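Think of it as A, B, C and D in the order they're written, each chain with its own count starting at 1.
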Amino acid sequence: MNKGRLEAFSDGVLAIVITIMVLELKVPDGAEFAALLPLLPILGGYALSFVYVAIYWNNHHHLLSLASRITPGVMWANMHFLFWLTLTPFVTEWMGRQSFQSAPIMAYGGIFFMSAVAYKILQQQISVTTIHPETFKKAFQRDVKGILSPVLYVAAIVIALFAPVVSYGLYALVALMWIIPDRRLVAVFEANHEEKTHSH
Amino acid sequence: MNKGRLEAFSDGVLAIVITIMVLELKVPDGAEFAALLPLLPILGGYALSFVYVAIYWNNHHHLLSLASRITPGVMWANMHFLFWLTLTPFVTEWMGRQSFQSAPIMAYGGIFFMSAVAYKILQQQISVTTIHPETFKKAFQRDVKGILSPVLYVAAIVIALFAPVVSYGLYALVALMWIIPDRRLVAVFEANHEEKTHSH
Amino acid sequence: MNKGRLEAFSDGVLAIVITIMVLELKVPDGAEFAALLPLLPILGGYALSFVYVAIYWNNHHHLLSLASRITPGVMWANMHFLFWLTLTPFVTEWMGRQSFQSAPIMAYGGIFFMSAVAYKILQQQISVTTIHPETFKKAFQRDVKGILSPVLYVAAIVIALFAPVVSYGLYALVALMWIIPDRRLVAVFEANHEEKTHSH
Amino acid sequence: MNKGRLEAFSDGVLAIVITIMVLELKVPDGAEFAALLPLLPILGGYALSFVYVAIYWNNHHHLLSLASRITPGVMWANMHFLFWLTLTPFVTEWMGRQSFQSAPIMAYGGIFFMSAVAYKILQQQISVTTIHPETFKKAFQRDVKGILSPVLYVAAIVIALFAPVVSYGLYALVALMWIIPDRRLVAVFEANHEEKTHSH
C-alpha cells in the first residue's frame, strides 16, 4: 500500500473534522452582540478541540514519516485512530451546550483518552515495520508527553465528577504541553530528514 | 486521464462520507449519561458503516493500483461505485433511528449490495485495461470474499423480514471477514510491488 | 502558480459538493418503506446532480491538462466556475422538495446554465495561455456539446413554465449526451498524452 | 515537516469552508421565485465570503511557495490563520440572516480583521526561515494591500455602528482590491519561478 494515499485520506478526514465543528455554532436569532453570549462556552470548546486536532495532525505527520510499509496492521490502527477523532465534534458540542457539566466533560475526556490509546497502538504498529528503528527509538524512548496525556485525561475524568471546570483546565494544559515544541524531538526529526536528503 | 486525480477525488468523497456520518449523532438535550442511551443504536450503526467505508477505501486502493489506464469505462464505473457509497450516511441514520426495524435494515443491506455490485463492475472494467493481467488474475481468480459478500447481503435482507437483529449480525460478520487480512492477497500485491520497484 | 494545487483545491470542492447533497435526504420518521416515498423526487434530483458534477469533474480534468500556466485570469475563471457549482445542492434540494414545480426547475436549469457559461470562460482563459494550441484547437474546434448544452438549458427553462417534467427530461438528456464518450475527443487527448510521454 | 502535506491540509480546510457555507442557504418552503427573496442577503454575503476565501487561498499559495522549512512556528501560525477562516460561515450566516444590522456586520469585519492579522503573523514566521529572502523582500516590502486591509476592516467596524450598508460596501471594496492582479507581485513570483526552473 502506498503511504501517500493513507496520508491524503487521513488529512482529508482531519480537515473535515476540524471544519465541521463550526457547524455546531448555530447562528443566534437576535442581532445584538448579547445574542452571542450563550455561544461562548461552545466557542471555547471549539477552540480547544481545534487545537487538539491540529496537534494530532502534526504528530500524525511526524509518526507516518517514520513508517516504511503500510501493513494491514498500520492501516487498521490508523482507521481506529481516525474513528475516535471523528467523534470529537459530537462531544465538543455536547460539552459546550451543557455548559461544562460533569457527564459531557467526562465524555470529552473519554474520547481524547481513546484517541491517545489509539495513537499509541498506531505508534506500536509502525515501530514494528520501520526501517528507521534508530530514529524511532530516539524519538519515542522517553515519550513523556505520550504517557502523561492519557494519565491526565483519566485524572480529569475523575475530577469532573466534583469540579468540571478544573477538568477543562486540565484538558487545556495537556494541549499547551503539546503546542510547546519539543526541542529534542525536533532535533531528532531534522537529523533524520537531513540523513535521508544526503543519502539521495 | 491521470490516475492520481481519480484516486484523489475518490479519497475525498470517501473521507467526507466517513466523516459526515457523525453529524447524524444529534447532541442530546440532557446533561446526564442517560441522555446518550437513545443514541447507542445510531452509534453502533455508525461504527459498522465506518468499518465498511474503511474496507472499501482499502480495497479500492489495491484495485486501482492495478489499473493502467483510466478509460471512460473505468471513470464511470468508479463514479457509479461512489454514488452508492454516498448513500451510506442516509441508510445508517435511518437504521439507527428506527432501532433496527425490518425496512431500514433491509435498505442498509440494499445499499451495500449495490456497492458490492458496483465494485465488481469497476473490477471488471479495470481487468480489461490492466497491463498486469497476471497479477490481476492471481489476485481475483478465487475472489471468495467478493462473491460471498453480495450473497450474504441478500440473505441478510431476506432474514430482516423476520429477525432484523440477525441481519445486523450478518453485516458485522461480512465486515469482520474483510478486516482479517488475506495472506494470499497481501502476498500477491507485495510481489507485484517488489517487481515494479525492481524494474525501476 | 502551481497547477497541481489548483486541481487539488477544485477536486476538494467538487468532492464536497457531490457528497453534501446527500445531507438533503432527511431521514423519515417512519420505519416502513412507504416512508421513503416522499423522498423519491429528491433522490431522483440527487442522482441527476451527481451525474452532472461527475461530468464537470471529468471535463475539468481534461481541460486543465491543457493549461500550461495558471494566470490570474485562469485562477479567477476557475473560482467563478466553482462558485456556480457550489449552488447545486441548494437548487437540487429545492427542486426535489417542491416536486418538480416550475420555479425550482427553472432555478435548477439556471445554475447549470451559469456553470456552462463559467466553464466556457475558463476554457477561453486557458486557450490563451496553453502551449498545446494544436491539441486545444482539435479538442474544441467543433465543441458541439459545449454549445448545445446552454441552448438546451435555456429551452428547458422556458418549457418549465408550461411542462416542468419535460424540462427535467431535457436536463437528463444533456447529462446522457455527456456521459457517452466522445471518440474524437478521447483520441485527441490520448494522442496528446502519448506525445508528452514520448518527449520525456 | 513536509510542505506538501501542510498545503494539502490547508487546501482541504479552505475547500470545506468555501463549500459548507452553501448549507446556510436553507431551502424555502414555497415553490415560487418570491420565496427566494428573503435569501438574497444571505446569498450576497455568501458570494462575498466565497471571494474572500478564494483570495486567501490564492495568497496563501504564493506565500507558502516561498517557505523553505515548515518550522513549528510556521505550522502553528498556519493553524491559527485557518482557525479564524473556519469562523467565516458562522459570521456570514449571521450577517445574512439579520439583514445587515450593526452587530453582525461588525462581527463579520472582526473575523476578517483577525484573519488578516493571523496572515501577517504567518508571513512573518515564513520570512524568518525562507531561503529566498530577496524574493520575499521584493514581494512584501511595499505590502500596501496587506496593511490597508486591516485598516479598512477597522474603519468598516466603526462605521457599522451608524451605517452598516456602507461597511458592507467597504468589505466588497477590499475584496475588489485583492482580485485585481498586482502586476508587480506577479512579476516577482514569475521571476522567482523561472529562476527555480532554470536552476534545476
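Everything below uses one rule, namely that a contact is a pair of C-beta atoms (placed from the backbone, for glycine too) under 8 Å apart; a residue touches a chain by one contact, two chains touch by 3 or more.
In this text, all values refer to a predicted model and were calculated from it rather than measured experimentally.
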### Equivalent interface positions on subunit B and subunit C, same or different at half
different
### Task
Averaged over CA atoms, how far is the centre of subunit A from the centre of subunit C? Could you give it in whole Å?
37
### Query
Hey, how far is the Cα centre of subunit A from the one of subunit D, in Å?
26
### Query
subunit C: which residues touch two or more other chains?
8, 12, 16, 20, 23
### Query
Graph of touching chains, which shape: line, ring, star, complete, other?
ring
### Message
Please output the residues of subunit B touching subunit C within their complex, sorted ascending.
### Response
1-2, 5, 8-9, 12-13, 16-17, 20, 23-24, 72, 75-76, 79, 82-83, 86-87, 89-90, 93-94, 97-98, 101-104, 106-107
#### Entry: Sites on subunit A touched by subunit D in the complex
7-8, 11-12, 14-16, 18-23, 25, 27-28, 30-33, 35-36, 47, 50-51, 54, 57-58, 61-62, 65, 179, 181, 186, 189
